[in-house]
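A quick write-up on the structure given underneath.
Chains here go by letter, A, B and C, matching the order in which they are written, and residues are numbered from 1 within each.
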Amino acid sequence: MFSRYLAIRGISLAVALVVGMLIVVYIANLGGRVDEIVRNEIQFNINNLRQNRDYMMRLQASCEALCGGYNETCVKACIDKHFEDLQWQEIVNRGLDKPFEVRLFYYLRDALTLRLGVAMWLHSDAGSSQVWDIISERLPNTVILFTTTNLVIFFVELFLGLMLSRKYGTIYDKIVVSAAPLSSMPGWFYGLFLLIIFAFILRILPDGGMYTPNPEDYPALKALYEFNYSLGRVVDLLWHMILPMMSWLVAYIPIGVYYYRTFFLMFSTEEFVEYARARGVPPRIIERRYILRVTLPPIITSLVLTIISSWMGAIITERVFRWPGLGTVLAMAIERNDAPVIIGIIAIYAYLLVISVFVLDLIYGIVDPRVRVIGGERR
Amino acid sequence: MSEVLRVERLKLYYRTMSGPVKAVEDAYFTLREKETIALIGESGCGKTSLARAIIRFLPRNVQELSGSVVIDGVETINMSDAEFNEKIRWKKITYVTQAAISSLNPVIKVVDHLIEPLVINFKVPKSEAVERAREMIKSVGIPEDFLWRYPFELSGGMRQRVVIALSLITNPKIVILDEPTSALDVMTQANILNMLKEIRSKRGVSYIFITHDIAVSSELADKVAVMYAGWIVELGPAEKVYVDPLHPYSKGLLGSVPRLRSDREVTFIPGTPPSLINPPKGCRFRPRCKYATPKCEEVPPIIKLGSEEYVRCWLYGEK
Amino acid sequence: MSRAKRTLLLLKTAMHFKGFVLGVAILLVFIGLSVYAAVTWPFEEAIRIWNNPAYWEDYPKFASPAWISLFTGRKEIEGSIILDSTMINPNKCDIYVNETHNIVNCGWLYKEVKIVQRAGRSLLTVNINFTLNYDYDVMPTAGDYRLIVNTKDRVFYYLSVVKPNGLELLIDKGQTITSFRGALIAPPEGISLAQRRYIELINATYGVQLDPAKIARIDPVILIFVDDDLLVKKYVETNGSVLEIRPLKGTYVFKFYRVETMDINATIDLKIVFYGTVYGVAGTDKQGRDLFMAIAWGTPIAIAFGLTASVVTSLLTMIIAAISAWYAGALDNFIQRVNEIFMIIPFLPTVIMIYLFYGLTLWTLLLVIIPLSVLGGGGLKSMRAMFFQIKEMGYIEAARAYGASNARIIFKYMVPRVIPVLIPSIVTAIPSFVFLEAALAILGIADPRLITWGKVLQEAYAAAALQGGYYHWILAPAVSLFLLSIAFASIGFTLDKIFNPRLREL
């Protein structure tokens, strides 16, 4: 029964989600080391306070008042107690009073319910410490660049691959096949080369960032901004998107086209496709009904998964181009051991992943009758 | 009865990295209305290549396809692909594959398979096509409601019948059956052969029946062509060839079939079929032939012995 | 056909493909480079040298590769010009020693150490002259002079240069009791002695008053070698707006004079270094380290890392997939779930986090990457599917029938079947691991001791090499990465065409 299969699938995915998140939460907290770091920070702050003369003088005064005069032992005890209380207060505030294992559970629960809380050290550009704010501030930047790029790459490689599989043996085919090894290098790598050529030697494209920080220095841009601010922003953005996008296009399209071309080629030698040809079925219909219909499920799967992983941004590409996206936030959070942010980003990613896998299974069932009827084994 | 197919001097070479494979050399036979010719021979002798060459169901690495293939009075060898597809393919001649299991599109229902050639190639309106599909599925012995199922829901035998139905639904003159029963059990085999006989008498279609199973072919065949290493070494009426084969290879081949009711000893031919990239000089069977003479180092011509009897062997002299 | 003969035949077929040949050629060059590296600088030594700034002291910084001069057409300074008064070659120098005099004359070096009496006291005086023939088309990128003194009493000194056009510029004067190094660079604020003296010199010689603000920004090393005639002419022509800097070719004499100290046992030496513009095959980095060494030594590390990671990952994936498919049932389910869990855990962030947890050497990096790749990759799913197909095959059933153990079936029958299909993907995957290491290095996650291409990239990026125009620093590792990847990818693609049976037909 298909619905039973779906139910089992749903449960196992949920289990995977929980276990996965648990591992992430554990690692993000460095297995408890973050606690030490936080404790040290609290101690450090307190030590600073002790050096602060004004603060100490006021504290001295109030303690003297409490002790009824200048009673050395009493005042000292009062001061020490004050700092102990302060320390304890901070510890409680940061939640360090409970043992790590217990807190781990709470972190997990919060992550699973997407109560992402407050960042330990980072904050959004607007000043908020709420993890949701930090994420939602940076997310659009990443989406604008990477999701777009991934979509473009996907559709280009799919259609070129399909087209190319028909033109097997021609010069175009040979060119693409020999260009495939170009994709053995990641996008950020091409980014470096493109930056050197276009941004530094030729100086016709920006060397990073999302917008021009000083548009007044560029007359064309200034004019555009004055004409229409939004238009200016859009053009500026597109201008800055060119290099990072190009680096990814060059890096990932060749192998994508090669892969789909080979995929469709091998597919078109499938017995039933060849047989359809023998029956005189026109090529367009073969493509649509025999090839695409059958291969659509895995293709859609990879499209959806690609979109989801693009969401996390590509940490290195963002660094090379100084693109203020989610990847940079993640990298910063990791560097600073800001566990809530790390967990927050990964939790959202995990949920999206699990949900789409589930939805894809559902779609698989609808599109591929074999799955529906047999309700069984996923290929 | 008129001639529906005439094949002469048909040559098919494949291109491979080690050189051209001479898969079919100098093939020749004719087929009349309602006639069935059986192409028999060992695996790899070229029977499938020959059949596929006739209907142009070939892989990409064909180096040469030449000769003469006249289908229903029209020479097709020089036709462009477009012309062939429009006039001949699946209209005059169809093809039943060996592996029906993998020949049907898994995500399309049986009925859609059947109406496809009608709707696309003949522009028949869908409702009419569905009617014809209904009728067709019944005549191949499958209950009507299986029309609305998917191929994987059918058994092997049923799928084979569907493919046969597919091949008949456009009313062709010739149907090529490429080992249609090899993947099936004996009972289903018998059923399908019976069905084929019925259809032949009802619809007047000619068969090219390819098989390595000699017993099966003898059920349907009017004529027999024995193939070896890309050659048709013997061609003649079924009774003659099965009972009294002429070519040394045919003798060996037919001698290797055990008889149910006699105590005859089963023979075999020592050795293996030759490479088709570098076939032996002269007669391709010479290395394994116990009657070989020095003359056999020359390619033996096709010798006509009777009105429809041909042999390719020096033993039968030159005529 | 035997296994060996079959492999040979396959290799012969591969040779037909131009991509393959090219890839193998590049790979052989890299292997040759690795051997060269290992022989020239044995591993421990290489690491020691690389991490020791003192070793690279005299090397030019940010130098471009030497062969650049073919394109610029200028005569570049290769390496550094080193004038060292301790570099006395007895065979090539005239030496004259007695109780009070110690004179060395090597042509380019004239060093005179005398003990004299003045006002009743003994004084040690030193005179050092360096004669330098300068015929380059470019200026040195930097320069410094080092006084190497071992004394108990103050040493006074003057240092000046006599240029080919006769002008004498005072570089420095003063006193010291320890060794020190003076850099011939423009001070961040204000104006240095040499610069001031230069302005006076030009004024005295040409009667032209140069703008102190402009001169203050020019490194003294340039003032030493600049063609003064040209400078002044252009300055006057353009009314003080253009300072035309061209090197003056000819013989320079550096005078280290009026050097005296009361410690007559003191040793006083002078070393002047002018840092060149080009060096070696790949140039140098900020510390003057020869990038060729980094490239050469990075090669075996990159290849070893990529190869190990790729092979081990593939093998492990294969074994786990085989076990998963063979035993099916609960074990298979479990492995599938584990796979899903690891797919949820994002790869790169996790590696970074583990690095922060434990710190990483190159090999522990492998220990992290490999399990994450194996367990979290899509390879498991596809190989598992393949093994399911194989499981149905007749000979597996036959093996079961004759009582073969599960292990035997898996390792002797199922796994070898899949290996030919694996080989191309192993080769094609190597570059991605090499790049992974580079990417991690760029993020700062690297084995602190080792020299890898990624580290070079990271250092270049941190030093803003692109902005500074030191493209060679980024290009050296980048081009190496590029070539190595293309090599492996070409070989891999060709192997794919050969080993993948479906593709062979095409």
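Criterion: contacts are C-beta pairs under 8 Å (C-beta built on N, C-alpha and C of every residue); 3 or more make two chains touch, one makes a residue touch a chain.
All values reported here derive from a predicted model rather than from experimental measurement.
The chain pair sharing the most C-beta contacts is A-C. When chain centres are set by their Cα atoms, the one at the greatest distance from chain C is B. With each centre defined as the average position of its C-alpha atoms, the distance from chain A to chain B rounds to 59 Å. Mean C-alpha positions place chain B and chain C at a centre distance of 70 Å.
In whole angstrom, the spacing between the mean C-alpha positions of chain A and chain C is 33.
The multi-chain contact residues of chain B, meaning those touching 2 or more other chains, are 59-60. Among the residues of chain A, those in touch with two or more other chains are 168, 269.
Residue numbers of chain C whose C-beta contacts span two or more other chains: 505-506. The part of chain A that touches chain C in the complex is made up of residues 12-13, 15-17, 19-21, 23-24, 27-28, 30-31, 33, 168, 177-178, 180-186, 188-189, 192-193, 195-196, 199-201, 207, 262, 265-266, 269, 312, 315-316, 319, 330-331, 334-335, 337, 342, 346, 349-350, 353-354, 357, 379. If you check the complex, the residues on chain C that touch chain A are 19, 23, 333, 337, 340-346, 348-350, 352-354, 356-357, 385, 428, 431-432, 435, 438-439, 442-443, 457, 466-467, 469, 471, 474-475, 478, 481-482, 485-486, 488-490, 492-493, 502-503, 505-506. Touching chain A in their complex are the following residues of chain B: 55, 57, 59-60, 85, 89-91, 94-95, 97, 99, 102-108, 116-117, 120-121, 150, 152-153, 166.
By the touch rule above, chain A contacts chain B in their complex via residues 168-169, 269-272, 274-282, 285, 289-290, 293-294, 367-370, 373.
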